[in-house]
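What follows is a set of structures for review.
Both of the next two complexes hold subunit A, though its partner changes from subunit B to subunit C.
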Partner chain A sequence: MDLLFLFEWLDTSFLATMSKAYGGVFAVVQMFHLLSMSMLGGMVILSDLRLLGVLMKDVPSEVVVENTNKWFGVALVVLIISGIFMSSAVALKLYYNEMYWAKMITLLIGIVFFYAIRKPLLKHDHSTINPWALRSLAVSSLIIWFTVAASGRWIGFS
Partner chain B sequence: MLTGGSSAILNELLLDLARYLDSFEWSTALHESYYMYPWIETTHVLTLMVFLGMLCIIDLRMLSLAFKDTPASVIAERLDKPMMIGFAVMVITGFILYFAIPVRTTQSIWFRIKVVLLIAAGINALLFRNRMRESVHTWDTAARAPKRIRVGAMLSLGFWAGVVVTGRTIAYDWYDCHKELPNFMYWAAGCVDELAALQ
Partner chain C sequence: MNKKNVLEKLSLAFGAAVVIGAIWFWSLQVMEVIEILRLAAE
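What follows is the complex of A and B.
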């Protein structure tokens, strides 16, 4: 499936008119992207390190996961909206950027992993889940989101 | 407010220091390196998730927006260590990034605002810690923290967001010294040579 048409459309959209014409607006949106990245990363790190028994051992992992999931969702929404806006400024360039696709693929994996696997599984009482399943869940989650963030930063360098 | 004379001396001193750092071979090598500089910069940015992430969770607890049923002191104490580890990494990588591009950074209005915000955030954090220590036993398990604590948490989020934002804008060249700027900006960014040329 060739998605070029999507990028061509984005490149001529209203968003692109704004993001290309006003460097200041682009910068402000990028700041929201960065701040919500900090929040999403913080939620991932805290909940996964709790599942690994590294942080907040005296707080039940169910409580930690429940509280972090909510803000993870908020941060993800802001990241996606600001991300689409930022993409519109350089849509066609991004289409031919390998790092961009590396990020998009890991992001997709991350979202599916989070909402289709991790969240439903962790709804159960954690003591009934195999500890190794919990640990591999946490390690996978940390690796996936680190890759998303790192490849995202690297779009700018490549 | 600094008077014209003393601010000029301060700006000269800062620029001299920056030029001294810039004279090191290592500084140039780092700036021009193909992978090293991007890796250090990436580490600096990604560690935000550790430092600001943990800080965010602590402040959200104080604003009763997360972990309402967990004692505030538990959140603050357990997350203190990872937060400080993140902070240490950010300070170290931050100094290396400054060392790689000392002159332009010294004369960046954004970097200067960032340093001021860092100091403000630091003072706020110290006051916040003291207030926590004095009063936390009276409200620890309450979902809603006292007003003083909530104000501190909001200021903390605001200052640190400002630090991130101004950190990011250092990369933009909108107000670099070589551009034509209002006199006030030359003064604020410490564009020593440009100011001298005006006189």
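What follows is the complex of A and C.
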């Protein structure tokens, strides 16, 4: 499916006018994007390293996961909203950028993985879950979100 | 098979796919950088 029409629309939208004309607005939105990225990264590292038994061993992993999931969701929403705004400034350039699509595909995989596999599985008592499944969950989560962040940074160099 | 077992198996399969996919993806990127550096050195 060709999504060029979507990017053409975004390039001429009100968001694009705002982001291109007002550097200050873009900078503030970018600040929120970066803050929420660090928040999401923090939540991922915290919960996954707890699942791997690396840190916070004195706190039950159920408690860590429950608390981090909440803030993960908040960070994800802010990231997506601010990301759409930032994309509007260079929508057509991004459409032809391979790393942008690598990031978007990984982000989609990450969201589906989080809400369809990770969250439902971790609702169960962690001591009853196959330890290898828990390790696999944590490692794949770390790899996916690292790839999302790193490929996002890579866009600027490709 | 209950839902938990299905999710455990999915998690294991997904983990393997992610590790293989990430190695493939980042190898391509690193190879591209090496190629650029090689061309720049010529």
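Simple rule for what comes next: the second predicted complex is superposed on the first by the 158 of 158 C-alpha atoms of A that agree within 3 Å, B and C clash if a C-alpha of one lies under 4 Å from a C-alpha of the other, contacts with A are read in each partner's own complex, and residues count from 1 in each chain.
Basically, a residue touches a chain if its C-beta (ideal position, glycine included) is under 8 Å from a C-beta of that chain, and two chains touch if they have at least 3 such contacts.
This is a predicted model, so every value here is computed, not measured.
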{"item": "Which superposed partner A:Trp154 touches (first subunit B, second subunit C, both, neither)", "value": "both"}
{"item": "First, second, both or neither for A:Thr17, with subunit B first and subunit C second", "value": "neither"}
{"item": "Which superposed partner A:Leu34 touches (first subunit B, second subunit C, both, neither)", "value": "first"}
{"item": "Touched subunit A residues, subunit B compared with subunit C", "value": "B"}
{"item": "Which of subunit B and subunit C A:Ser127 touches, first, second, both or neither", "value": "neither"}
{"item": "First, second, both or neither for A:Phe113, with subunit B first and subunit C second", "value": "second"}
{"item": "Partner chain(s) touched by A:Ser136 [first = subunit B, second = subunit C, both, neither]", "value": "second"}
{"item": "Subunit B versus subunit C as contact partner of A:Met56, first or second or both or neither", "value": "first"}
{"item": "Subunit A positions touched by subunit B in one structure and by subunit C in the second", "value": "154"}
{"item": "Contacting residues of subunit B [partner subunit A, same complex]", "value": "38, 41-42, 45-46, 48-57, 60, 66-67, 69-70, 74-75, 78-79, 82, 161, 164-165, 168-169, 172, 174"}
{"item": "Residue numbers on subunit C that touch subunit A, as the complex places them", "value": "3-4, 7-12, 14-16, 18-19, 22, 25-26, 29"}
{"item": "Complex contact set, residues of subunit A against subunit B", "value": "23, 27, 30-31, 34-35, 37-46, 49, 55-56, 58-59, 63, 67-68, 70-71, 146, 149-150, 153-154, 157"}
{"item": "For the subunit A and subunit C complex, residues of the former touching the latter", "value": "102, 113, 117-118, 120-121, 124, 128-130, 132-137, 139-140, 143-144, 147, 154"}
